[in-house]
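Please find the structures below.
Common to both upcoming complexes is subunit A, partnered first by subunit B, then by subunit C.
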Partner chain A sequence: MANWIEVCSLDEIDPEDVMRFDHNQHSWAIYRCPNGEVYATSGHCTHERIHLADGLVMDDIIECPKHNGRFNYKTGKAQGAPVCEHLKTWPTRVENGLIFLNVE
Partner chain B sequence: MYGILIIGAGEAGVQAALTLRQQGYQGQITLLGDESGRPYERPPLSKQCLLDGSDAPLISGSQQLEALNIQYRNGQRVVAIHRNQQQVELASGEQLPYERLLLATGAQARTLTIEGMPAEQVLTLRSRGDAERIRQRARPGQNVVMIGAGFIGLELAASLRTLGLEVTVLESAERILQRAVPASIASLIAAEHQQQGVEIRCQSSVEYASSTDYGYQLHLLNGERINADWVLAGIGSVPNTHLAQDAGLNVDNGIQVDHCLRTSDPMIFAAGDCARFPLDLYNTEVRLESWRCAREQGEIAALNMLGANTIYNVAPWFWSDQYQLGLQMVGLPIGVTQEVIRDFNGSRLVFLLNAHQQLVAACGVGPGNTVARDIKIAERLINQGLHPSAEQLADTSISLKSLLKG
Partner chain C sequence: MSSFGTRRDYSLTGASTPHAHAAGLVSANWYQTDIPRKTMKALMTRRDAPAIRDTLLWLALLVLFAGLGYLSWGTLWAIPCFVAYGVLYGSASDSRWHECSHGTAFKTRWMNDAVYQIASFMVFRESHVWKWSHARHHTDTIVVGRDYEIMAKRPVQIARLIAGLFGIPQTWGTLKSLLQHAGGDLNSEERNFIPLTEQTKVIRYARQTLLVHAAIIALALHLQSFYLVMVIGVLPSMYGVWIAFIFGLTQHAGLPENVLDHRLNCRTILMNPVFRFIYSNMNYHTEHHMFPMVPYHALPQLHELMKAELPVVYPSTFSAIREMLPALLIQTDNPEYDIQRELPQRSATDHQPAQHPQTA
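Up next is the complex of A and B:
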């Protein structure tokens, strides 16, 4: 079951940046990659409960603000120690300048 | 096949063991820890473990040691390294042969003796057991005196204050974190402690203690007296170098290693808090007490024990959490002649430049992890040898990230 919810307008996230999004006691990190595509992962690093939205986005990689855990935010793949567990990713779409997230 | 022996099951030792297997090494790997239990992370000991009594989290990846056929032996104290035989001797008398040896022996808290106060009333923090002792001792309303205003001291002060203790911090230097961070950052941290009700007294030292009906009284050198139910000392740490020293390896405030983390014996490597290493980025030699450096050096020592010649040469990175404030620092403040302050949304970044207008370090503090991103950018600027001008760094209309892309 698709359950699309509106996140924000595309303009609210700079290219190659990330923003936190909370909904129904869940938290996501929403990424706008350099070419404008939008991606979403679970909000917290798989190493410790640190929110990734304070991290640094460089190209396809988000780096956790604390311990340098790195993930490819498009696939969720952990890039090596200290993180071994991958991030869950979530479908997104952009319509009329608005970002939507499928939370199902 | 005698394999690789690692003394010390902290971040460096565990990371080395895991890396050896990731690199396809098939020989025997033995990881010796001197504490009981599984390898654990130390940074939470002064923070979360005290606040909620939680166990220290296990070191990431250490759950897989057995699955990776890494022999982890805890509670093992090494008493000697016999270099001629390439053997290590345990307290039990057992001899363990090695082809390559990694010393990841860490450091221990410097202890403090106060005249008139029993040793068991002066606690320090390094291990899981130390954290448990502090937690069992701490009761709301007690007067506790923290001696030393470094990162560990201030983190402990914050945690104990949060638990409802009356905390006084004594620091012999002119200000807190004197060697660690710029004054413009330290003042924000000091202000937060004061706001939370912690009293910080700088240029203060204890001369002796006397016992009273309700506890102890500390007599300061300046004649003042402070009540203390017990005392915590956070006055630095001492590298565990005795094994190396007894074995005749070069030791000088840490086990001396080369760029590839080799000791003066090419069969023996050292990594983490116990190692003193050349850092070309700053044209100096350092010994760091850093979670991240320990992990990275463990990894590099592993590669080099397998025959690589990988050099460790990156800007050091540290963090500290106190109350809701997060501090991060990258680089070494060597030869600093200029500070550039960049304030935004309740956070502050300070960039440190040398006489050649080169960025050598950056430090930030703010709520939560708000400074993390910019410190990571500063880290890249330093490691890549990029040197934006002071004007660019100060100008909040210029995104720091844009400076990375030239």
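Up next is the complex of A and C:
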């Protein structure tokens, strides 16, 4: 069942950037891609427990700040060593300039 | 931080490993200077131009000195030519290997990967194994029982360090490792930091690398050309590694083990432009460890932002060596000895963090 929660306004994330979002002891990384679409993944890298919100967004890729492991944040796919395990992705939507995340 | 007796066990599967876990040194939170998100994003931005320029220059110099070495073969002029060639082959490749292993040298992925493989071959290092060991080095920097890349293990063996200037232990170690991997086996330490899914790549790489080296030697024998093995293969990795070995030692040697602050276990050294070219700006080593996603070409700017929080930087390579060598000598029979670096007054506790609007 869908459980949409409000994250922040769209303006709070620059295009081609990422922001951390914490809720109910879970943490997510919320991305705004260059064309303005919004995506969400689990907040922590699958290699070690490092938050991806301090990483670098390049087109469809988030690069982890610790060992530069890369994921496609739209699909969650790990792009190679040192990340082997994919990221979980989460549905998002934008309404009236606000970002919502389905946490179910 | 505490040490574990006089003889330390540096293996990743020995007595020091549980101590490191118990002391909270594993995958710990390290001190980080606060840099505003927008500034950090600008610093992290990837560019191709600086690395294309530096790679072309590096390759052109390699060709130039290989050519001069050929022309001067059999004369004394060959000596400086091969000294220069060796430094470019065995030392400059080390820093290219390193920067590309982080994926930060180029913006374009295939360029990073290509230079990474070429440089791995030149520095005689197994590309997959070192990718993983280097990730561990960044997670648990100079933590005994966790970091596979500690160069000056205590008690320090000076003879081993001298042999390291000529690449002897490194080459011997890689050769043994390649043979073991080519036979389909990894040692227990490697299994500790290389995931199971990646281990077949290690084995495949070892077989391919041994074949390439065997082909080089066979060709040199066939042509009866000593020149050939002076310009490609293991020999130039060995006779050219000395400067990378010295630079590598200055990164951490003599400084404390088992601390969670890169300002205490890394050196930032101001180097001349030639050294910085050879070393790809890794003289800004504290900065690199604190923010490994900042490309080498942006490290001087990062240094400017961080320097107020750093201990006094070393004004030259010589000054770092002058501090390091006596410490290494003391550590030959006193493994507890460390060089203590003084942090500036503006410490972690009284420093006002800059705004992090994107990550708050």
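In the analysis below, the second predicted complex is superposed on the first by the 104 of 104 C-alpha atoms of A that agree within 3 Å, B and C clash if a C-alpha of one lies under 4 Å from a C-alpha of the other, contacts with A are read in each partner's own complex, and residues count from 1 in each chain.
Here, a residue touches a chain if its C-beta (ideal position, glycine included) is under 8 Å from a C-beta of that chain, and two chains touch if they have at least 3 such contacts.
None of these values were measured; they are calculated from a predicted model.
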{"item": "Simultaneous placement of subunit C and subunit B on subunit A, clash or fit", "value": "clash"}
{"item": "Which partner, subunit B or subunit C, touches more subunit A residues", "value": "C"}
{"item": "Which superposed partner A:G55 touches (first subunit B, second subunit C, both, neither)", "value": "both"}
{"item": "Which superposed partner A:R20 touches (first subunit B, second subunit C, both, neither)", "value": "second"}
{"item": "Subunit B versus subunit C as contact partner of A:H67, first or second or both or neither", "value": "both"}
{"item": "Contacts of A:I5 with subunit B and subunit C, given as first, second, both or neither", "value": "neither"}
{"item": "Residues on subunit A lying within both footprints (that of subunit B and that of subunit C)", "value": "47-48, 54-56, 63, 65-68, 81-82, 84"}
{"item": "Complex interface listing, subunit B residues touching subunit A", "value": "15, 18, 57, 60-61, 291-292, 295, 299, 317, 319, 368-370, 372-373, 376-377, 401"}
{"item": "Subunit A residues within the subunit C interface of the complex", "value": "12-14, 17-20, 47-49, 53-56, 58, 63-68, 70, 81-82, 84"}
{"item": "Parts of subunit A lying in touch with subunit B, wherever the complex brings them together", "value": "16, 47-48, 50-51, 54-56, 63, 65-68, 81-84"}
{"item": "Of all residues in subunit C, those that touch subunit A in their complex", "value": "27, 40-41, 44-46, 102-104, 107, 128, 131-132, 135, 138-139, 195, 197-198, 291-293, 358-359"}
